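Labels run A, B, C and D following the written order; every chain starts at residue 1.
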Amino acid sequence: MQRVGLVGVTGYTGMELIRLLLGHPKLRLTQVTSRKESGRTLQQIYPFLQGTKLAELVIVVPDAASLALDCDVVFLAVPHGTAMEIAAELLAKGVRVIDLSADFRLHNQETYEAWYQVTHSQPALLSQAVYGLPELYAKEIASADLVANPGCYPTSAILALYPALHYGLVLADDLVIDSKSGTTGAGRKASVGTLFCEVSDNFRAYNLGKHRHTPEIEQELSLSAGRDITLSFSTHLLPMNRGILTTAYAKIAPGIDPLEIRAHYEAFYADKKWVRVLPEGILSETRWVRGTNFCDLGLVVDPRTNRLIVVSAIDNLCRGASGQAVANANLMLGMGEETGLPFAALMP
Amino acid sequence: MQRVGLVGVTGYTGMELIRLLLGHPKLRLTQVTSRKESGRTLQQIYPFLQGTKLAELVIVVPDAASLALDCDVVFLAVPHGTAMEIAAELLAKGVRVIDLSADFRLHNQETYEAWYQVTHSQPALLSQAVYGLPELYAKEIASADLVANPGCYPTSAILALYPALHYGLVLADDLVIDSKSGTTGAGRKASVGTLFCEVSDNFRAYNLGKHRHTPEIEQELSLSAGRDITLSFSTHLLPMNRGILTTAYAKIAPGIDPLEIRAHYEAFYADKKWVRVLPEGILSETRWVRGTNFCDLGLVVDPRTNRLIVVSAIDNLCRGASGQAVANANLMLGMGEETGLPFAALMP
Amino acid sequence: MQRVGLVGVTGYTGMELIRLLLGHPKLRLTQVTSRKESGRTLQQIYPFLQGTKLAELVIVVPDAASLALDCDVVFLAVPHGTAMEIAAELLAKGVRVIDLSADFRLHNQETYEAWYQVTHSQPALLSQAVYGLPELYAKEIASADLVANPGCYPTSAILALYPALHYGLVLADDLVIDSKSGTTGAGRKASVGTLFCEVSDNFRAYNLGKHRHTPEIEQELSLSAGRDITLSFSTHLLPMNRGILTTAYAKIAPGIDPLEIRAHYEAFYADKKWVRVLPEGILSETRWVRGTNFCDLGLVVDPRTNRLIVVSAIDNLCRGASGQAVANANLMLGMGEETGLPFAALMP
Amino acid sequence: MQRVGLVGVTGYTGMELIRLLLGHPKLRLTQVTSRKESGRTLQQIYPFLQGTKLAELVIVVPDAASLALDCDVVFLAVPHGTAMEIAAELLAKGVRVIDLSADFRLHNQETYEAWYQVTHSQPALLSQAVYGLPELYAKEIASADLVANPGCYPTSAILALYPALHYGLVLADDLVIDSKSGTTGAGRKASVGTLFCEVSDNFRAYNLGKHRHTPEIEQELSLSAGRDITLSFSTHLLPMNRGILTTAYAKIAPGIDPLEIRAHYEAFYADKKWVRVLPEGILSETRWVRGTNFCDLGLVVDPRTNRLIVVSAIDNLCRGASGQAVANANLMLGMGEETGLPFAALMP
């Protein structure tokens, strides 16, 4: 058993990590931290953990030295800005870190500071961090000390368009990414805007043109295309807990045979078991990936408009956060990427 | 009081018409028809009508002669294909018709037959029908005998982009319309795909590249732009009853000052009380129009991508169907367009 | 037009009052107050009011003297404890008051203080206040200066059992009232417990054995039965916005013919248009009363257990709060009780 | 690996069995049947199974001889009436059966026929069948050839009240059981009444006084109390997929110290890991058991009314059907009851 720690247990990604670690055969959660809840057991703050093997684990105040003693890898499930400080302390003590915040996702410090309106206190670590998308960087993740776990929206968007840009199937200068997310993506902080009665029976767009996940998507898709990409990325709030569906639009490049596009996607993801290219005529649904690490891709080639439309679905808490973090831990610790991760969606 | 009839009372648009007519000061519902439910009273099939003035109205089998005796205007809330036959009979008897189906929305018979896979039995009526979008055709509607009530998606999409194309603010050859609809849009027929447990806690795309509302949107936006438009129109199913949110993307035309776009929209809709151009920074939400005839437009000019994004929200059953039908009846019968239509959204 | 004021505009009952007043032909909203939002217009805090006649009304700091100048009746939509102070000030200035809080619902000061854990600062007003349930106290309401608008749960529970106890159809010492409420009942204050992701896809009981609406129900049903009643009242939280469904259980009294029970209910509510005794075999549904002032009663006489079960449905925001408040204002101002109140449920 | 078969794969309980078997280390699904879908693979009817080990399993027409060759135990997930025939055939061929329908739950043939309005064709098997509630009958289940898997509502109700009646803590003649269920309980058959738009944003009671699960609850609680019990059992439909919450009311028996009730419950369930008696002050929530086999019991002793109120929560598809069936299979095949069953709820 390898030992892992969790810094920040009170949010939805912390909760999801606990769910996944409860079923993991080779990772043992040895420390959980929260300033606010320190001294209480997990089952005291989460009654649904009564009767499980983690029920009596006592929450402690985060302390790098103590985490270093107890953990081989530490997950950071705290807000950006806070994460960079803790990450630096842990790395200095030789602990490997998987950061679920945005602090180390962008390679460019200026881009980070411009979009997040925060000064980065650990710029030296930016080049050291590996972007934790296993389909693209499995080898680098395996040997990394610091993994920047991807954002939820970017996971769905990058996997949707990466092969198309990589193979030059579509034009890189006319991308529209229209994403819709369940409300767990908004976090677990008390606020009027995310009250049940403000979200239920409603659908709305938000942060159009300025969502902070935009540069992360552009960074990876630019790497894919081999050129700088600027794209439209729009976010919407769904009246449901989990799930992101991204509908991505791209113009098919001149000279590309539309009938070959599917084969390219299937080839690109042939040995990636978490990405499922759905059969012709089948489009992704968020429920099909609920509670899993899958990213489902439905492909539509539209001859009328000469567009490729990719419909990508993930569970934002699992594949978009904690499940991907566990996959990264698996890779870092030399286990099979899929160890302990559920394959069966909770349906319906 | 003017007398109106309703052919097809068992679907959601029929139900919504009854709701609106219950509050209408100048329209009296004199006949409702359903082959399946004939002989029963409205409150027998809809217990929520007990205690209202329409509770005891007896449902009859549809009969053009009888409708002609009792009604000044008849609403058709029956499937496409069926509607064209009844419309022709009613018009022949001198009754004015508002058809909520798709049968008379497309001016071009071939386009209709290609997208709907039905032979049009009344092609002569196509040129006589007026497209019932009051913001565009109020005058023609007032004198029409046959009004083709617009589709729900097209209402949201056309109002979103009409001014931009009309004034040449955006390029006409690169439009992406990403729409999301509540499930009432799928009708009230028993089917596994629209069971509660198949829709709840789920979000999915459907009919990408081939939704039948596409040619209707293209027809009206082509008229707006003065040239033929082909566009991407995508539809998604929301786990909620009412509401459509459309996110429309267009490249800003060369030479256009992005700062003038809002002013053009405000000018175009200045005297249209049902279209609300929301203030800078405010984006549409489906709940804000729930139960009303409003179409809310949130405008985002994105300088990074040089795109105009319009977020358009309607209640698909009210503005997207029965409320618009009542507005059309108001116009046809010489009343104020807004007579009897609710201004206050049911919030939350 | 009569002039009304609203103290407390930022909660769900304030929002609902605005919806109802927008459609009211004889009440004009002349003042709205909120300490926090003063200086802003209604449409600035509620964008869905753009384009309505109340859009530009400016919110002010509550001031009894100013309210007295502008209003014939004032609605208080503020928390208990706060309401009693403002009510006293307004009454002292000759303004009639409808208090939507709990401050004046209980006739007995000690009971109030025991359940609400607050000292009542205006005990002299308790005897002056009329309990604003129109079916029981229409005459007293008409001449009242201070109306205590009933709680949402009590409205559903009292109307469900009043006739049974009044006519001695059931035993008074064995009542179980199991209620389920939509989440608007929990108010519009930021809190983790009522976040969307904590309420959605979940159902739970709360406050069993100690809900503050218990003494209010016991007070009115004791009056009905002519003896002191102690009963079990349980509350549950539904993952939906509006609606209360109460399932009330009572043992049929010896000597009562079960077949006569329905007739007694129909007689009791014969001239009460907001209470609908549903036909045999039809049970109440919350959607059937959505947005209306109806209280629907479904009656089940169970010969196996010798129990009467009454299923009562209301819209907690309309009939359970603001709609009932408008009905009370109508009565106080000498209009028909139903003036301006919607009869048509928003279905579905 | 033990081999299991599934007769009836197209409903929600079949779907849930597949989810659970995908994660089970010792049960291998060797045959799935459906008359309607025979010839197709599991992933063809359930695209969410793509990429799992069961994806390519081909559905066949049910045939007892073939099932007997391939399976040690067969799960029947078909409607009552149908199940009794298949069960008899399988038993005759020496296959052990877990029947998820109601056909063998009631020991008394007349009671079955009266409530289900069906003639029982296999009355001889009724006495052979074991009621598959592991907390009560683990030993009998282990050696049974025919297990009658309990109904969902009865599972929640029996576990809620069994200890109270067993120890004589409450009166047996005054029980009220008010249950609320997610909509998966209504099955996966196309019908207008369970369409999304008929269930969403709504709450209603149904089948009051005549739900078929009543005699099943009465049978087991009568055994617990040692006397015949007649009780009120009411069912309601929740706008969510999974979960049952049962609120059970009982009068505390004379001479019982209310403070001892909790201890009795804790003792009764001390070695039953799937039943969690929640701490004082904590009430059950359906989400806390989502996807698991837990039954959570929240206890409230109300001194005002001298009542014990038990709030019981299960996942109706897992603990109330397929999870319980797997636990029964585990017992029958000599494995630990909990083998392969998830302990971690999908939260939120």
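One rule holds in what follows: a contact is a pair of C-beta atoms (placed from the backbone, for glycine too) under 8 Å apart; a residue touches a chain by one contact, two chains touch by 3 or more.
Only a predicted model underlies this, so the values are computations on that prediction, with no experimental measurement involved.
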| item | value |
| --- | --- |
| Angular offset of chain A relative to chain C [C-alpha, multiple of 5 degrees] | 180 |
| Chain pair showing more contacts of the two, A-D and B-D | A-D |
| Whole-Å separation of chain centres (CA-atom averages), chain B against chain D | 45 |
| Whole-Å separation of chain centres (CA-atom averages), chain C against chain D | 39 |
| Cα-centroid distance, chain A relative to chain D, in whole angstrom | 36 |
| Set of chain A residues in contact with two or more other chains | 12, 184, 197-198, 200-201, 239-242, 285, 287, 290, 348 |
| Touch list for chain D against partner chain C, complex | 174, 176, 178, 180, 197-198, 200-206, 208-209, 230-232, 234, 236, 238-243, 245, 247, 249, 283-287, 290, 298, 300, 302, 304-305, 307, 309, 311, 313, 348 |
| Complex interface listing, chain C residues touching chain B | 12, 15-16, 18-20, 22-23, 46-48, 50-53, 184, 201, 241-242, 273, 276, 278-279, 282, 285, 287-291, 294, 342-348 |
| Chain D contact footprint on chain B (complex, rising order) | 12, 183-184, 188-192, 194-201, 239-241 |
